[in-house]
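Pasting the structures here.
Across the two complexes that follow, chain A remains constant while its partner is chain B and subsequently chain C.
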Partner chain A sequence: MADENGGDGLFGSAEADYGWTQGSRAAEASSDVEILRRVWRNEKAAPEILPYEILLIQRIREQILLMEDTLSTFAGTSSDELTLSMYRMDIDRTTFLLRAYLRVRLQKIEQFAMHILRTEELWERLSQQEQDYVQRYIDILQKHMEQSVLSKLPFGYQSMLRQAMSSEEDDMIPEPALDTFVFCKSKGSIPSLQLDEKGDETVDLLSDDLYILRYRPIRRLLETDRIELV
Partner chain B sequence: MAGQSNLQLSVFSAAEVEFLAEDEQIDIVPNVRMDTLHMICGDYGPFRPQIPVKVPLWLAIALKKRSKCRIQPPDWMTVEKLTQVLEDEREAPREFQPLPFHYVEISRLLFDHAREDISDPYLVRSLLEDIRDVRFHKVESGLENLSAKTHAVKLKNLAAMEVNIVRPFIVRALQCFYKHDSEELVKQSASEVESQAVSSDRVPRRTLRPR
Partner chain C sequence: MFGRRGAQLCSELAQNDDERLHRFDNDLFEHVIEEANEHYHQLETRMVKMQQEGLDIETTQNRDYFGALIHHLSLIRNKRCLMSYVYNRSQSVQRLRWQLGAVLPADLQDKLNYSEIEFFKNYSELLGSYMTNIDLDLTVDSTPPKDPYIQVRVMDDLGEVLLDDQATTLLRNSIHLMKRTEAEPLISQGLLEEFIG
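Up next is the complex of A and B:
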């Protein structure tokens, strides 16, 4: 059993201190972990990098740290293995989710580093650490490409960004395919959503139904959290 | 990167979908006393012998593995309900019957870890398999309707694991339709041919396949 004066009370405070109202996703009463789960899903399913959830990640990190702390003090005083292992699993699951989120972002960052660096809107979506990472990643990549391949190519074909000097623009920068299709669910009903540039094609989204739509037209809905990807 | 599924098309690995399903709530009947657990993912308990309590599936399975509880399979996982679902599923060829979004993973996890808590496990399992087959058949015949005119596909009640299985194929197919149907691209390639005639050396290079 949990130790009377210490354990339970300490665990209780772990949550009380962290209101999540300051976040942009305060519309629904859900726990931070639930929000992180949704954010992770969206990040995984979206072709481009999404805004970094700075406050959410900060809160999750603090909760994990606090829980770790509490557990280590608790472990010394109590012999209730069962309770301890349940708390351990909870921490492990939350940590996994946090890592998975950060990793999927890194994966996209590596894939589209140059594009992100050159697009202000995307650049702003990165955390400070991610921005540093992009800079270093590109430096290293450039150096490596030059040393191993580019310097050995004929003049005119030595750019990392252009296929040849005659290219009119930088045409060798991988960009996310925004015209891909994604599976999504809308949170409320969204009447006559425009699906193509001309406005010929529209669809009425019903709450909680599952749709496959092109990513570009629903991009803004994802930003305002009216839709989620699955 | 290790541990991540192919980002482009698969999106989630089966294990990741299962991870998400493990957060669904389920009823258990504990056989031990344990105080309320104040966890990061929420508060659960208190646990009292023979008093049912709602917990996330992962917690239920963890307790079950240590023989500290009995799991109450959800209402929809009974022979009666599933027979009805199967019947409705067969009668309505154009829609999917409502089942929990994670029904595949939940039933699978319960069969793996709490088989003795399920009544009529054989029948339940075969019903679930039949339902799965009927639903996949619908998905497959639905695929025939995909065309260049497809801007939106509605798949009401399709479940998470089903989404994950059909996703790579459907997304590839829709992408191809979209690409070949796009007028801009058609025009662009036409102008490419013209400029090629003028000076074959300075044509815009073909766009590389996106990685």
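Up next is the complex of A and C:
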């Protein structure tokens, strides 16, 4: 992580020295990358899938294209290899973040495909392409399971979602462990956060302090962006 | 003991946790399937017997009922073992797609069963079309880039290759400096190796 921060610093100074892009656009760019880094970290640390950041991703992709454009324009005229390679590095780092973000989402989507498909709240969190992906993924996994195992089992035991026909509900769908512990940091102070349903246990979160808490009680805070995972 | 073979199947997975995919254990697998069907047979026999005796299956708790229950539970256990085995392997098969690309090397094909090979093809297609849809290759760049360029050594005569929109001739043992994102897929296919001089 420290490395990437270093990258931003390099980018900033190259910016100031050579004045390649207008200041306002550059400021915008670095803040979106900052947000993407946070969003990626949240996604990586949260046990369940989080809402797809459609607008942010759109902006990031536009910025990457713009930076590529700028770079190729300057590649023709400037002979300063070092500056060019710093620009290149900045683009690569942003692209890495973008890829890592989409990759970690895909991983969770595969792992909890069936659970996402039957839970509307989670389904709504996927991008259009990810929704297509889940459906097709379940299809091919189901086909594979049926060919290898299920079709060879006796009648009544052939479902991928239920242990047996006599089970009362679909009891073979993996779900994320929402009670797992996560490292988190609060952005502002949050007084008396309830840690269990009864409200017996509470904690006062101080701004910028590091906590290890169960994921479930802070789930809503993450949604409203009042807390971040690390 | 009921369920022992199923457990064996799963412990095989646990022993082979070194990421490498081992040969599909067809013999053991079929054994467990047979066992599951035998459990069903036993289960059915007891149910039929109870029905013939005119007993209510829901409420009677005689030896046939508990016998049937044990067979039912053992069957479920075997099913879970079989599914874990196939599912865990399918995850390794997916990893192959990320690491090696869309073409499965011949030596690995032998280790998979026919359904896994089909699954690989389907998964490969699925991932491919997702990446085309979002217009971004997600299989490169798996570690944070330190330097946009890396030095690579060419493992074989590759002839003319289009790199960075320029045609470059890659000869065996020659050393090149190229974009990491362009080099990574070639490295994972074993055509190049990172040159640390």
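Quick note on the criterion: the second predicted complex is superposed on the first by the 200 of 230 C-alpha atoms of A that agree within 3 Å, B and C clash if a C-alpha of one lies under 4 Å from a C-alpha of the other, contacts with A are read in each partner's own complex, and residues count from 1 in each chain.
Just so it is clear, a contact is a pair of C-beta atoms (placed from the backbone, for glycine too) under 8 Å apart; a residue touches a chain by one contact, two chains touch by 3 or more.
This one's a predicted model, so the numbers in the text were calculated from it and none came from an experiment.
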May I ask you to decide whether A:M165 touches chain B, chain C, both, or neither, giving the answer as first, second, both or neither? neither
Is A:A45 contacted by the first partner chain B, the second partner chain C, both or neither? first
Quick one: is A:L178 in contact with chain B, with chain C, with both, or with neither? Answer first, second, both or neither. neither
Classify the contacts of A:H144 with the two partner chains as first (chain B alone), second (chain C alone), both, or neither. second
Partner chain in contact with A:M89 - chain B first, chain C second, else both or neither: both
Chain A: partner with more touched residues, chain B or chain C: B
Can A:L106 be said to touch chain B (first), chain C (second), both, or neither? both
Between chain B (first) and chain C (second), which does A:L210 come into contact with in this model arrangement: first, second, both, or neither? first
Based on the superposed arrangement, let me know which partner A:I54 touches: chain B (first), chain C (second), both, or neither? neither
Regarding the shared-chain residue A:L153, is it in contact with chain B (first), chain C (second), both, or neither? second
Quick check on my understanding: which residues of chain A belong to both its chain B contact set and its chain C contact set? 85, 89, 91, 93, 96, 100, 103, 106, 163-164, 166, 172
Contacts from chain B onto chain A in the complex sit at residues 1, 3-4, 7, 11-12, 16, 19-20, 22-23, 32-43, 58-59, 62-63, 66, 68, 151-158, 160, 163, 167, 170-171, 174-175, 178-179, 201-202, 204-205, 207-208, 210-211
Spell out the residues on chain A that touch chain C in their complex, using ranges where they run on. 3-4, 85, 88-89, 91-93, 95-96, 98-100, 102-103, 106, 110, 129, 132-133, 136-137, 140-141, 143-145, 147-149, 152-154, 157, 160, 163-164, 166, 172
Considering only the defined contacts, which chain C positions touch chain A in the complex? 33, 36-37, 40, 72, 75-76, 79-80, 82-83, 86-87, 90, 94, 113-116, 118-119, 122-123, 126, 130, 133-134, 136-138, 140-141, 144-149, 180-181
Can you name the residues of chain A that touch chain B in the complex? 1-2, 8, 11-12, 14-15, 31-34, 37, 41, 44-45, 60, 63-64, 67, 82-83, 85-87, 89-91, 93-94, 96, 100, 103-104, 106-108, 111, 163-164, 166-168, 171-172, 174-175, 177, 179-183, 195-196, 201, 203, 209-214, 230
